[in-house]
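After this come two complexes, each holding chain A, first together with chain B and then together with chain C.
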Partner chain A sequence: MALRLISRRFGSRILSYRSSSVASLHSHATSFGFQEVKEEDKSKLVGNVFTNVASSYDIMNDVMSGGLHRLWKERLVGKLSPFAGMKHLDVAGGTGDVAFRIFDAVNSVKHRALRKVDEESLEETQIYVCDINPNMLNVGKQRAAERGLRDNKSLVWVEGDAEALSFDDHSMDGYTIAFGIRNVTHIEKALSEAYRVLKRGGRFLCLELSHVDIPVFKDVYDLYSFKVIPNLGELIAGDRDSYQYLVESVRRFPPQEKFATMIADAGFEKVEYENLVGGVVAIHSAIKL
Partner chain B sequence: MVRISRVMLKNAGHAIDKTLSEILVCPLSKQPLRVCEMPKALVSDTIGVSFPIKDGIPCLVPKDGKILEEVGDASKAS
Partner chain C sequence: MYRTAAKRLLGTGLTTTRLLRLPKPRPTLIIPYSSHTSESPISNQSLNPNQSNPTAASPPSTAREEEGHRRDESMRKPRAEFQEEQARVLAASLRHVARLGWTEEAMIAGSRDVGVSPSIVGSFSRKEAALVEYFMDECLQLLIDRVDSGLDLQNLIPSERVSKLVRIRLEMQIPYMSKWPQALSIQAHPVNVPTSFKQRAMLVDEIWHSVGDGASDLDWYVKRTVLGGVYSTTEIYMLTDDSPEYRDTWAFLDDRVKDAFDMKKSIQEAKYFAQDIGAGVGKSFQGLMNGVMQTMSRRGGSSAF
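For the complex of A and B:
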C-alpha cells in the first residue's frame, strides 16, 4: 500500500516535471527582466547590475521597502531557529544582512542563557556567506569590520556560484537565500545544489519577492514597482536601469505555488510558503529528509 | 589580553585558510581543495584548476578558475 502511494507520487512528479516545468524554466533562464537574452549572457548582465548597486544596496532596500525588509529578514532568521555550533550557508547574501542576524541570534545573551550554550559550541558556529559578486561581498566584509567582526572566525566570506557551490555534500545545517534566487540563471540548479550541501534534517529557507493576487492592492503594488522604484533608483543609486531590471525580474519569477513545486522537485520535503504583505514577499521553507 | 589578541590576529589568517580548505571543495569536481600559500590560492588537483583568494575571500566561481598549465606549474604553485 505504501509502495503504491510512493510510486504514484513519483509517477505524477515525473509527468508534471516533463510537461510544464521545462518551458517555464527555460524562459527564466533567458529572461533579464522583461528582455529576452541569451542564457550565457544572463549571468553577466545580472553581475553588472549588482556591481553597480552594491554600494547603495542597503540604503535602497530601506527606502524601497520602507524599512520592511528588516522585518522580513527577522522573520526568515526566526524560522531558521539558529543554534550554536551550526554550519550555515547564506547564498547570495553579499552584504551580510541575513548572516549578521543569524550571528547575533546565536550569540545573543538571551539565547545562550535559554539554551545553556557552552563556549566551545559558540566557537564552532560557522556562517558562510556566498555571493557571486565580489563587490557585494566587500560591502559585507566592511560592515563586518564596522561591527568589530572582521577577524571573527564564525563568519566566512566566499565568492561562489549558487549553481555550483563549493561546499561538500551533507555539510550544512541550514541554507538561506534572501532576494537572490530570482537572479540565478538556472533556478533548478541552485535548488539541487542547496539539496546537495544540506545535511539530513537540514532546513532550506528562501525569502523572495513574489506575486500579489489581491485585487486592488495588486494594482497599487504594480504602480509602485514600475513608477516609483526606478525613479528612486535614479535618485538614490544613480542607476535607473538596474532597478528597472529588479522590478521586472520579480514579475518573471515563478509564482509561489510553482516555486514550491520546483523546491519539491529538487527532493525537499515539507515544502511550505508564507506570504508576507499580501504576497509582495514570500518565505518558502523545506527540509531535506 | 593584548598579547593573546595579537597572536590570534596573526594566526587568524592561517586559521581561516585551514578552515577554508577543510570545508570548501572544488565547485566543479566537488573534490577537496589544497591551500597554496604563494600566490594565495585554492587548488583543485583533481581537475588542475586554481582559484584565487582575493582580500581573504576565496573566489570559487567556476569561470574564475585558472587552469594550471602542466605538472610543472602545479609543483611551482605549491
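For the complex of A and C:
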C-alpha cells in the first residue's frame, strides 16, 4: 500500500504543487486550532476536547447551528440511500446521530412497505459506529438505550481510530464521517483507510464544516464563529476553550476543492461536493471502484 | 443533417451518450449555493498499474509536458471506467425489471450481479430514471444498428416505412410490457421530463432520417411533432392490447400513420385552395373561375404527400 501511495505521488502532480500541498497537510497535522502543536500531541489534545464536550455535545450542536445540523445529517443520509442488508461504517460518529438515521431509513415501516424487502436481508444490516473517544460512544449507547435499541444487533459500537481502522479490507458498503475528519491528525491516512475498508462500488460521504467565500456572508459567519460560539460554549457547556478550538479548526481545514483533490488522491472516483448554507457545511461524496 | 440536429438536441450529455458521441470530460461548473462537481481535477491514478510504471520512469526535465499529457489521459481513463461501470450495472439491472419493476431494487439486484456493492445505486442521479433513460438509449442504438445493417425500406412507400420503423422500436419494449406503465410515469415526472423529451425527440428524428425525409423549415418541426404524437398514442394503446402478437396495435399504428399522411395532403390542398381564393379576389370573376378550375385539376393529379 505504501508503494501505491508513492507511485501515485510521482504521477499525480507538478513538483512545486506537491511540495505546497505537503506543507499544508503537514500544517493540518500540527495545528490545534490556531496553535501549533507536536503531531504526537494533537490526538491527545483533541481527545481531551471531546471528553469535555461529550455530555453537552448534542445540545451545543443544536444551539450553534440553530437546529440546522439535523437537516444536514438528513441530507447526508439521503445522499447515501441506505439499503437493507448494508454494512455501513460511521466514523467519528460518537453520539450516533448519523447511525440512528441510517438505521431508521432502513428499518422504517414506510421503507419496508414501499420496497420488497425480505426479513433476512434486514437482519444482515450492520451499522458500525466507530469513535476514538469512549465518552462519546457512551453517550451514543445511552441514546440507543433510550430508543429501545440497546440490544439491537444491527448497531455495533466500536472504539477505534480513523487512521487505523480495525475492519477488514473490502468489508463496508458505505463509509460516513460527519464533523469528524477535521479532528483527525493525518487526513490522508483516514482517507486511505476509508478506501481500504470499502467494497468495490462502496460510497464515501463526508459532512464537514467548510469555507465560505460569499463576500458579506463570510464576514457575518466569521463574526458569529469567533464572537458568539465560544461564549455560547462557556454559557451552556462551561467550556470556552473547546469551542474556541472548534471554530479555529474549521478555519485550518482545507477548503472544498483541496479536500476533493485529497479524496481523489486516495483513489476514489466521481468525487463531488455540495455546499450547504453557502459553504458553511459541505458534503463530499465519492465512490470506490 | 439530422444526425447533427440530433446531436444538438442531445446537448452536453444528459443521457448516457454512448450512441452519437464519446464521453467528453465535463467542465467543472461553478454554481454558488448548489452542488459542485469536481471530477479529479489534477489526476486520478486509481487502479491503473499500467499507468504508474511509465510515470515513475520518466525523466524530470520533460516532466511538465508529460505530466500534462498524462494528466489528460488519466483524467479520461477513470471517468470512462466509471461510466462503463455504471452502464454495466444498468444493463444487468434490466434483467430484473420484469420481476421487480423500474425500481431501486432492480438496480440493487443488478449491481449484485455485476459484483459491485449496491451502494453504487445511491450515486446515480434520479435513480429509477437513470435506468429508464439507459433503456431508451439502448433501444435507440439498437434501432440505428438495425437500420444501418440493411433493413429493407426501398420497396416501401414512406408511410409504410414509418410504420415499420415505429413497429420495430415498439417491439423492443415487449419484454418489459408489464412494467412499462411505471416507466412512462417515471418519464413524466417533472424532474425527468427534459431528458425524456430529448430522448423522444431524438428517436423521432432518427425515424424520419431513416425514412429519407428531405424537408427543412417549418415542415421539419411539424413532421416530428406529428410522428411524436403517433408514437406516443401507439405506445399507450399497446399497454392495454392483449391481442395475439399485438396485432391490434399494429393495425392502430398503420391507421394513425395513414391519417397523418392524409392530413398532410389535406393541409396542402387547403393551402392551394386558399391561395387561389386570395388570388381570385384580386382579379376579376373570370380569373377566379380559372383559378378554381386549376385547383380541381391539380387535386385530381396530386399523388405525392
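One rule holds for everything that comes next: the second predicted complex is superposed on the first by the 271 of 289 C-alpha atoms of A that agree within 3 Å, B and C clash if a C-alpha of one lies under 4 Å from a C-alpha of the other, contacts with A are read in each partner's own complex, and residues count from 1 in each chain.
To be clear about the criterion, a contact is a pair of C-beta atoms (placed from the backbone, for glycine too) under 8 Å apart; a residue touches a chain by one contact, two chains touch by 3 or more.
No experiment lies behind these values; they were computed from the predicted model shown.
Visitor: What is the contact status of A:L165 with respect to chain B (first) and chain C (second): first, second, both, or neither?
Guide: Only chain B; A:L165 stays clear of chain C.
Visitor: Between chain B and chain C, pick out the one touching the greater number of residues of chain A.
Guide: C
Visitor: Return first, second, both or neither, reflecting whether A:G201 touches chain B, chain C, both chains, or no partner chain.
Guide: second
Visitor: Looking at the overlay, what does A:D151 touch: chain B (first), chain C (second), both, or neither?
Guide: The first partner, chain B, only.
Visitor: So in the superposed three-chain picture, is A:D41 touching just chain B, just chain C, both, or none of them (first/second/both/neither)?
Guide: It touches nothing on chain B or chain C.
Visitor: Using the superposition on chain A described above, determine whether A:E257 touches chain B (first), chain C (second), both, or neither.
Guide: Only chain C; A:E257 stays clear of chain B.
Visitor: Taking the superposition as given, does A:Q126 touch the first partner, chain B, the second, chain C, both, or neither?
Guide: A:Q126 contacts chain B only, not chain C.
Visitor: In the superposed arrangement, which partner chain does A:D104 touch: chain B (first), chain C (second), both, or neither?
Guide: neither
Visitor: Which residues of chain A are in contact with chain B in one complex and with chain C in the other?
Guide: none
Visitor: Which chain B residues qualify as touching chain A in the complex?
Guide: The contact residues of chain B facing chain A are 8-9, 12, 15-16, 19-20, 23-28, 30, 33, 54-62, 64.
Visitor: Using the touch definition from the top, list the residues of chain A that touch chain C in their complex.
Guide: 4, 7-8, 10-15, 17, 79-83, 86, 115-116, 173-174, 198-203, 214, 256-257, 260-261, 264, 267-275, 278, 285, 287, 289
Visitor: Taking the touch rule as given, give the residues of chain C at its contact with chain A in the complex, in rising order.
Guide: Interface residues on chain C, with respect to chain A: 32-47, 51-52, 55-56, 60, 63-64, 67, 70, 74, 78-79, 81-82, 85, 100, 103-105, 108, 111, 115-123, 127.
Visitor: Taking the complex as given, what residues does chain A use to touch chain B?
Guide: Against chain B, chain A makes touches at 87, 126, 128, 132, 134, 137-138, 141, 151, 153, 156-161, 164-169, 171.
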